[in-house]
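Note that chain A is present in both complexes that follow, paired respectively with chain B and with chain C.
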Partner chain A sequence: MADLKDVAVIGVGATKFGENYDWGVDDMLTIAAFDAMDDAGIKPGQIEAGWIGIQYPFTGFSGATLSDAIKTYDIPITHTENYCVSGLDAFRNACLAVASEQFDMVIACGVEKITDQTGRGLPTSGFGHPVQMAGMTAPSAFGLAFPRHAKAFGTTKEHLAHVAVKNHFNGAVNPKAHFRREVTLEQVMKAPLISGPLGLLDCCPISDGSAAVIVTRADIAKKYRDDYVTIKGMGFATYTNLMMYDKNFDYLAWRPTVKAAEKAYAMAGITDPLNEVDLAECHDCFTITEILNVEDLGFCKKGEGGPAMAEGRFNIDGQVAVNPSGGLKCFGHPIGATGVRMVYEVTKQLQGRADGRQREGAKVGMAHNLGGLGGVVCGVVILTNQVR
Partner chain B sequence: MTGVDTGRETSHLGGRLITGPDGDPRLIGIRCLDCGTGAFPATDYCPGCGSGSLEDLPLPRAGTVWTYTVVYMGGYGSIVADPPYATAFIELDDGTFVHAPITGCDPESVRVGMEVALTTVEAKENDLGITLTYAFEPAVGRERGVGS
Partner chain C sequence: MAGIVAYGAYIPWLRLERRLIAEAWGIPGVPGEIAVGNFDEDSITMAIEAGRDCILDDPVGVGGLYFASTSPPYAEKSCATTVASVLDLAQGSVTCDFGLSLSAGVSALVAAASAVDQGVAPSILVTAGECRLPETKTADEQTFGDGAGAVLVGNEDPIAEIEGVHTSYDEMVATWRLPGDRTVRDNSRFYTAKGYVPSLLAAFKGAAEAFGVAPGDIAKVVYPAPDFRAHGQVAKAMKLEPGQIQDALFAFVGGCGCAQPLMMLAGALEEAKPGDRILLAGAGDSFTVLLLEVTDRIADLPARRAIKGHIASKSMLPTYAKFLEYKEMLNTEEGESNSSMIQMWRDRRAVQPLYGKRCNSCETVYFPPRRLCPNCFAREDSEDVRLARKGTLFDFIDDNLYVSIEPPTTLTISDLDDGARIFMQMTDRGVGEVEIDMPVELTFRKIHDGGGFHNYFWKTRPVR
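Right after this comes the complex of A and B.
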């Protein structure tokens, strides 16, 4: 009987993220899925099951969105929706299916096409509680965390800006990133406000894109490539849409990040994440989100996230490279695709194939995906290139 | 609705708002008869323990701003105000949290700890059929209606 640590990734693929007006959902999925299959050295006929992360109904319904893109019919394909964690949850389900030995070769994909929608910002209708959400936007829901963090720990707007500067620095050299330019601290500080204190450059963009990965068992992976990566730890957690009913909700931590990380670290046997994780693709939908996340993931003490960013502790050559890809902030955030794109990046890093943005000597990498306004859902997946 | 003045009653997206004969608005939440949890908006079950044994809880009108953000890009919009507007978590004097807009002041003057009190606002034209809704505005001393 296999377990999750016997699960391997043997191929990864992605489209360029950005304003992909010339591609439809099918186009992007086809590009990402065949990119992943080519990388693995497999053909569509070898795929036994699939999972596809999509958040918005306007992007697509059901597994048929994927079967039509890869022209592979008569196999089970499941659509996963779990806010911004839709993609990483597709990957989780693919891993569980392989670990159960029900299937030997499966695909996990994600896709979102948002730029064709009217209106400004991310459509949030139907998210959370209707009263809580009245007049709210995604930047507002995360912006509400700032006054609490500032009051408790002295976090400043400049601390937030360091997150954007770091992630744009990393992503500027990434050929598939939405933005391929650096930004300065001054530009971030002076950008027009979206939801105070978050300015335009504190917010990830509205992006289109798709990513895909091929998942199999480690004993099968060896037949396809030597540099496959395997699961070291995995944890998922769901909190609530109704934070205002929780007397313990303090907006100082993302509770699902804390809980998902505890589970993933326990499975991985990691007790000192700062020294045992080389890189992390960490959910940075807004700069304040990443500040809380690096604390919740144990990369620094609670309250130290802002100063740690300013000191460069999470730069690509820092203690932990956080968002070497550029993150959601610079690489882009097509919702359903993001979690799978994180697995794509971590795999490339662990294979030494992250051209221009390589974390040297990376052995253990994390994909951390947070979803829901105020922090509702989280997945943490830890991958390694070390033979079990 | 024990202990509450009868008067104009409206609902706003699940939150109950009552204005008495004197025009003073009150929000109505619930209190759990089993575990004592108080909550707003009202539910049919206790958000703390799941019990269905609840009573109406008229909430204090006064509270303080617990956290806030000023929305400059309104996205899909507020029925209370055009951007920029402030939206906040208010901690009422009995400890209940209410999420609501802040009106009656420059939104950039809102701060954590600011004293506020409940008010009513004529809603902007909307598809929800709401004409009257609630917000909080700066208030100090007797204006806050402490103890009422």
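Right after this comes the complex of A and C.
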């Protein structure tokens, strides 16, 4: 009987992320999915089931969004929607299906066509109650953590800026990133304000993109490639849409991250994440989010995220390489695609194929995907290139 | 006859110097300021504020709600019921809307007194709110102001008895608005000369005869006017002493339509002494004069903001363009807002009188109301509780992304005095004035017009 640790990734694919005005949803899914199938060395006919992460109705509805893009008729395909974790939840479901031995070869993918809508930022007017939640936006939902974190721990706007500088440095060499340029601390600090302390360069851009991964079991993976990666740990957790009404919530930690990481570390047998995880693609939708993330994931003590960032502890050659790809900061956040893109990056890193941004000697990598208006839902997936 | 049990008023926080209007158009200006409702205010929200001031947020024993306005936000649909619901008046309360005429506020007061006398309700809260839109580049633009007044009419412990009512009418077209017109049309010169002044003087004369009082018997004469000059003309013709003339609020508020006499009455009552006799008039189409006599109980009336408390609390609009924008006279970017009349109806107790729940098991007070306690998860074991209107700021952020007439939108999380934690937008604040742990109070405002109707909810504001 197989389990989650027998699940392997044998192929990854992704489009260029950015303002892909020339591409529709179908274009991007076809490109990403065939990229992944080519990487795995399989054909669409071998895929037995699929999961596709999409957040917004303007991107697409239901599993047929995928079957139309890659012509895999007659198999089960499921649309996952779980805020910004929609993509990583597609991957989770694919992994569970393979671990259950119901299917041998499946695809998990995600896509979002953000630029097809004309609003500012991400549309949130349909989220929550018509008047009680009116005014809430994505940067504010996360930015509300800043005043409390600053009051409790002395976190500053400059600490936030270090996140942007680091991720832009990493993303500058990534051919699939939306933003491929370094930024200075001064540029970040002086950018126009979007919400509270968060300036334009503290926020991930509005971008389109798609990513796909091919999932199978390790025993089958061996027939396709030697450098497949396997699941080492996985944890998901959901909190509440109403955290801003919850007196037990203090805005100092994203509770679903803490809980998801606990589960993933327990499964992986990791007790000292700082020394046992080499790299983490972690959810930097806004710079303040990453400050809380590195604390919540145990890469530093609670409250030390800001200074640790400034000290370079999470640079590509730091204690843990956080967002070696450039993160959401450089890729943008096509919602459904993001979690799958994280698995794409971690896999490339563990295979030593992350050209120009390679974390040397990487053995254990993490995808951390956080979603909702604030930390509502989180997925943590830990992958390894070490044989079980 | 029934008497006046309490009074209240509301003047919006924002003011505009008349000089800025005059300079924008290159026309002669008048000194002083006008009160301008914020972009999230209308005659309903201002009437609610005045009503809250009048009953001090305590609806117990209030048996009815009358609402008067010539500028209601709905052409069809009661506004009185919205005000009654937000103030949490009992379902069996009598409600009625008055409008169409500048005399509507005083007419509502007289109707309320009659209804109380007839036993329709033990007491009726009369509210009047106005945000009349003037045509641009007119004298009206420098004259009109926004505001609201309220009086509680009843039999129990009145602070002023209504000793008599005298009324007459005068038919003329001189101030009007056709269906579809947004701005008021008038011929104020003609109206003052042949309508307002002679009709009001005749009404006062008839009232004096009917009541058997001489001008010297009256402590304060409270009457509205189309403008400052017309107000003075009546005072002069009646040979009133300066101390007898109740300030019509033209200098720093402006003419507040049918709410003006009720606001002025609040101003008179906040300075009145037992035994004072007050003449209160409504003017416009019908001309109604009431004789009031202040009782000993006025000394026991708890403090309220009324006119004095509101007039000093203000913030100056920087430009005339802001005024035009708030009044929706300019085409600026509009955000997308969704709503559902069915959901708003279902949630009306949470949205309007702001009810949350108190868990019977762990005593947590929470919002929005749910079947499970968010603290101890107790199932369907809670009481409905009307939430406190004051609290302390737990967290906030100034958001520039949400489409608003006045960015940034200050988003707040507050701990109300009863323990409930609540998320709301903040209004009537200066950017940079907001800080964690500051005291806040709640105010009922328009959030958006999603769904093609007005969607209201509460906001926080710094304590005025």
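A few points about this structure:
Assume the second predicted complex is superposed on the first by the 381 of 388 C-alpha atoms of A that agree within 3 Å, B and C clash if a C-alpha of one lies under 4 Å from a C-alpha of the other, contacts with A are read in each partner's own complex, and residues count from 1 in each chain.
Heads up, the rule we're going with is that contacts are C-beta pairs under 8 Å (C-beta built on N, C-alpha and C of every residue); 3 or more make two chains touch, one makes a residue touch a chain.
Keep in mind the model is a prediction, meaning the values are calculated, not measured.
Superposition of the two structures on chain A shows chain C clashing with chain B. Contacts of A:Gln319 after superposition: neither chain B nor chain C is touched.
After overlaying the two complexes on the shared chain, residue contacts for A:Pro147 are found with chain B and with chain C alike. When both complexes are overlaid on chain A, the residue A:Asn241 reaches neither chain B nor chain C.
Within the superposed three-chain model, A:Thr115 lies out of touch with both chain B and chain C [touch as defined at top]. Overlaid on A, the two complexes show chain B and chain C touching the same residues of chain A, namely 119-121, 123, 125, 129-132, 134-140, 143-144, 146-148, 151, 192-196, 242, 244-247, 251. On chain A, the positions that touch chain B within their shared complex are 119-125, 129-132, 134-140, 143-148, 151, 192-196, 198, 242, 244-247, 251.
Interface residues of chain B, counted against chain A in their complex, comprise 12-15, 37, 39-41, 47-48, 66-81, 84-85, 87, 89, 95, 97-99, 101, 108, 112.
Contact residues on chain A toward chain C in their complex (touch as defined above): 119-121, 123, 125-126, 129-140, 143-144, 146-148, 151, 192-196, 240, 242, 244-248, 251. Taken in their complex, chain C has these residues touching chain A: 335-340, 343-344, 347, 350-351, 364, 366-368, 374-375, 395-404, 408-409, 411, 413, 415, 419, 421-423, 425, 436, 447-448, 450-451, 455-457.
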